[in-house]
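One chain, chain A, links the two complexes that follow: it is found with chain B in the first and with chain C in the second.
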Partner chain A sequence: MSLSTVAGARLVARKDLRIEQHSRVALAQMLPFGMLVLILFAFALDPSRDVLTRATAGLFWMTVLFTSTLAVQRAFAVEVDDGALDSIRLSGISAASVFLGKVSALVIQLLVLEAVLALGVAILYNTDFGGWAMLVAVTLLSTIGMSAAGATYGVLVSRLRHSSTLLPLLLLPLLAPVLIAATKGSEVALGQEAGQSWSWVALLAVFAISYLVLGVVLYRPLLEET
Partner chain B sequence: MTTTFAPKIIGTSSPATRILGVLSIIGLIALVVFGLVISPADFELGETIRILYMHVPTVSVAYLAFIITGVGSVIYLWKRSEFWDLLAASAAEIGVLFFGLTIFNGMMWGKITWGVFWRWEPRLVTTTVLFITYIGYLVVRSIPTDTRTRGTVSAVIGIMAIVNIPITHKAVDWWRGLHQSSTIFATVDPDMRGTQLFSAYLGLTVFLVIFAWLLIHRFRVAWLSERARGIGLDEAIAARRAEGSFS
Partner chain C sequence: MTTPDPPPSDSLRSVPRADPAVELRSAVALLGRFPALAGCDLEVASGEIVLLRGPNGAGKTTVLRVCAGLVPVVEGSARVLGVDLRKDQSGVRQRVGLVGHSGGLYGDLTVVENAVFFAQASGLTHSDAMQALDRMGVATRLHPVAVHSLSAGQKKRVSFAAMLSRRPELWLLDEPHSGLDESARDDLDALLAAAAGAGATVLMASHELDRAGDVAIRTVDVVGGVTT
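Let's turn to the complex of A and B:
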């Protein structure tokens, strides 16, 4: 009996989140890594708080971008190590469900990481948060876009050689427009820059929808071949 | 009994590619003459307009190449035909070459116009990001794996990358404050007249012919490489079988 796409996706997402609950890799490794990057930016730029405050949005999204590559790598390392992906394929869950489940788990993990990193930014960079509706929209859409592209490239590189170095090379150029739009959208929301804020949100929405649709369509050949 | 194996030398040229090759060389000579000698300097851009005669064609051909890669990738996933896989990969390789040339001549133009090789000019930034995207595609192609996996994985990257082109364009344009008035990355300037306009269109035509010439050759090399892989495998299997029968 085959599961519906949503039910299958929910199962895959719950499985991934349960693994995270037990292993605590995101909490114990990715989160400290993200906080470390925020601190290192302060060393690299200027201890003067002005520079950091002005560059808050860019530094925050750069940190999220780096952390997201770790999250994607982790999400697929657990599948490849014990041949778990083969078991999922044999279980009758559709490729679209696997993709959407992986994306959902990544989105939830990244949102938690982003919330803690935002707190870190508020304290370390002395940032006053505002424009909440815009910030929430930018954060949600950026995270969905990053997770959708990440989940597709994650499974793609998981069975190739040198996958750990290959993933950033493939993923980061693809996510360049997300970094730009998320940074600019956040700057407008924080009142650091004037501009048409919702156009950045629209761009992020186009990215997120495009890569969600592509992931749903392309996951089947990827799961069959890799 | 010993068997002598005389390899048949197979080239990648044909009457059609020879014609394209001759046209490419004649076209390039004509472009040099028109672009550097006959056409006058521009009122606004001065002598730097001559870089445009090469720059616009290289970037246009690169985008054409990536469209072919995208279309080839879609058809490969649909039909699973080796032809489309190799065509997509060959086009991507030539696209990267032309993007490299675009960035190089863009930087030359920048050095003359702005005094620096690099400025965060929207088209230069977009080109560089996409250049790295397609380098990733070529890196994946170079990783040893079976043909079908390589075809599927690179087809997915080819599709993801082509979808990202307009999004990256828009993001970088808005990031740098939308459109700039005078940029080398504009398409052929509507104000061009006479030999300037002729040189611009001649450049486009010549580089399209060069692209077709290179693409056919590169595709044939890729096709023969695949056949050679098969021959090597067959020979290895035959050798192992022979070892088994004598032992």
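Let's turn to the complex of A and C:
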């Protein structure tokens, strides 16, 4: 019996979050990595506190971007390590469900990581947060976009040799528009730059929706062996 | 493993079929550019237990993966459980069970979480998963243990349970006896016989010819991607 797309996605997301709950890779490795990057940026730019303050949004999203590639890698390593991906392909879960489940689990994990990293930014970079509605919109859409693109490319490279080095090479240039739009939108929200911040939010929405649609459509062939 | 008597339970699907369960004709399958199957012919009747034997790299695993609908057939014909795999490669997947070299499990999840996940992924229930674990003799004390902490033999039992909970019509087993102790091997043989008795078809690849040959009804040699 096949599951509905939503039921299948929920099952996959719950399974991924359960894996994280047991392994605590995000908590024990990705989060410290992200905090370390923030601290290193702070050390590197501290003599010029003004630069650090002005670059806060960019440094934050750069850190999130690096951390997200680790999260994507981890999300697919658990599928290929012991051949579980074959078991998934033999189950009643549709490819679209696998994609949406993976994206959901990544979004939840990244949002938690971003919340802690934001706290780190507030302490290390002495940032005053404002423009909450805009920040929440930027954060949510950026995270969905990164997760959707990550899940699409993650499965593409997961079965290749050297996938761990190949993924960032493919993913980082692809996510450049998200980095730019999230940084600009955050700067406007934080009052560091004047401008039409909602246009950046719109750009992030287009990116997120495009990759969600692309993933749902393309996941079936991407899951297959060639 | 629990010896499967009395035989057919809800976990051993009984499906009498007139057509062969597996019918490969001059099937060609590629792994990259390498023809892992180079014109393979194979016919397996429903309820049969067939052993594939041959040297390493002969194509035994590929035959199993083709029958599972995981590897495409690019030339020739392939029908499994009545499904034409050239037209619908994935159409047969939910009806077959595959236990391969790798366990196909999530190492960070517990035994129960794995079994329940794969049962629910196939639209079955928590109790189906528990029944399958019980049937495979997976001790209750192991249920909350992460799969990566298990021994190879225990892991294999969990893989079988995950497969069994899906109630497959065609069992595809790659080296099913490896990693199991003598008593577990006996139980596995009894389970295979019971499954075949209940109408399921078993196609397995093995190098342990004494053990697998005893339980198999027929043996097929695979050499260089073709059956001989």
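For the reader, a short list of remarks on this structure follows.
Heads up, the rule we're going with is that the second predicted complex is superposed on the first by the 223 of 226 C-alpha atoms of A that agree within 3 Å, B and C clash if a C-alpha of one lies under 4 Å from a C-alpha of the other, contacts with A are read in each partner's own complex, and residues count from 1 in each chain.
The working rule: a contact is a pair of C-beta atoms (placed from the backbone, for glycine too) under 8 Å apart; a residue touches a chain by one contact, two chains touch by 3 or more.
This structure is a prediction, so every number in the text was calculated from the model and none was measured.
When the two complexes are overlaid on their common chain A, residue A:Thr152 makes contact with chain B while staying clear of chain C.
By the touch criterion defined above, A:Gly8 reaches chain C but does not reach chain B.
When both complexes are overlaid on chain A, the residue A:Arg89 reaches chain C alone and has no touch with chain B.
Of the two partner chains, chain B is the only one touched by A:Leu166; chain C is not. In the superposition on chain A, A:Asn126 makes contact with neither chain B nor chain C.
Comparing chain B with chain C, more residues of chain A are touched by B.
Common to the chain B and chain C contact sets on chain A are residues 224-225. On the chain B side of its complex with chain A, the touching residues are 77, 129-130, 132-133, 135-136, 139-140, 143-145, 148-149, 152-153, 155-157, 159-161, 163-164, 167-168, 170-172, 174-175.
Residue ranges of chain C in contact with chain A, taken from their complex: 68-72, 89-90, 93-94, 96-98, 100-110, 113, 117-118, 120-124, 146-147, 162, 166. Residues 1-3, 8, 11, 15, 18-19, 22-23, 78, 81-84, 86-93, 224-225 of chain A are the ones that touch chain C when the two sit in their complex. By the touch rule above, chain A contacts chain B in their complex via residues 149, 152-153, 156, 159-162, 166, 169-170, 173-174, 176-177, 180-181, 184, 199-200, 203, 206-207, 210-211, 214, 218, 221-222, 224-226.
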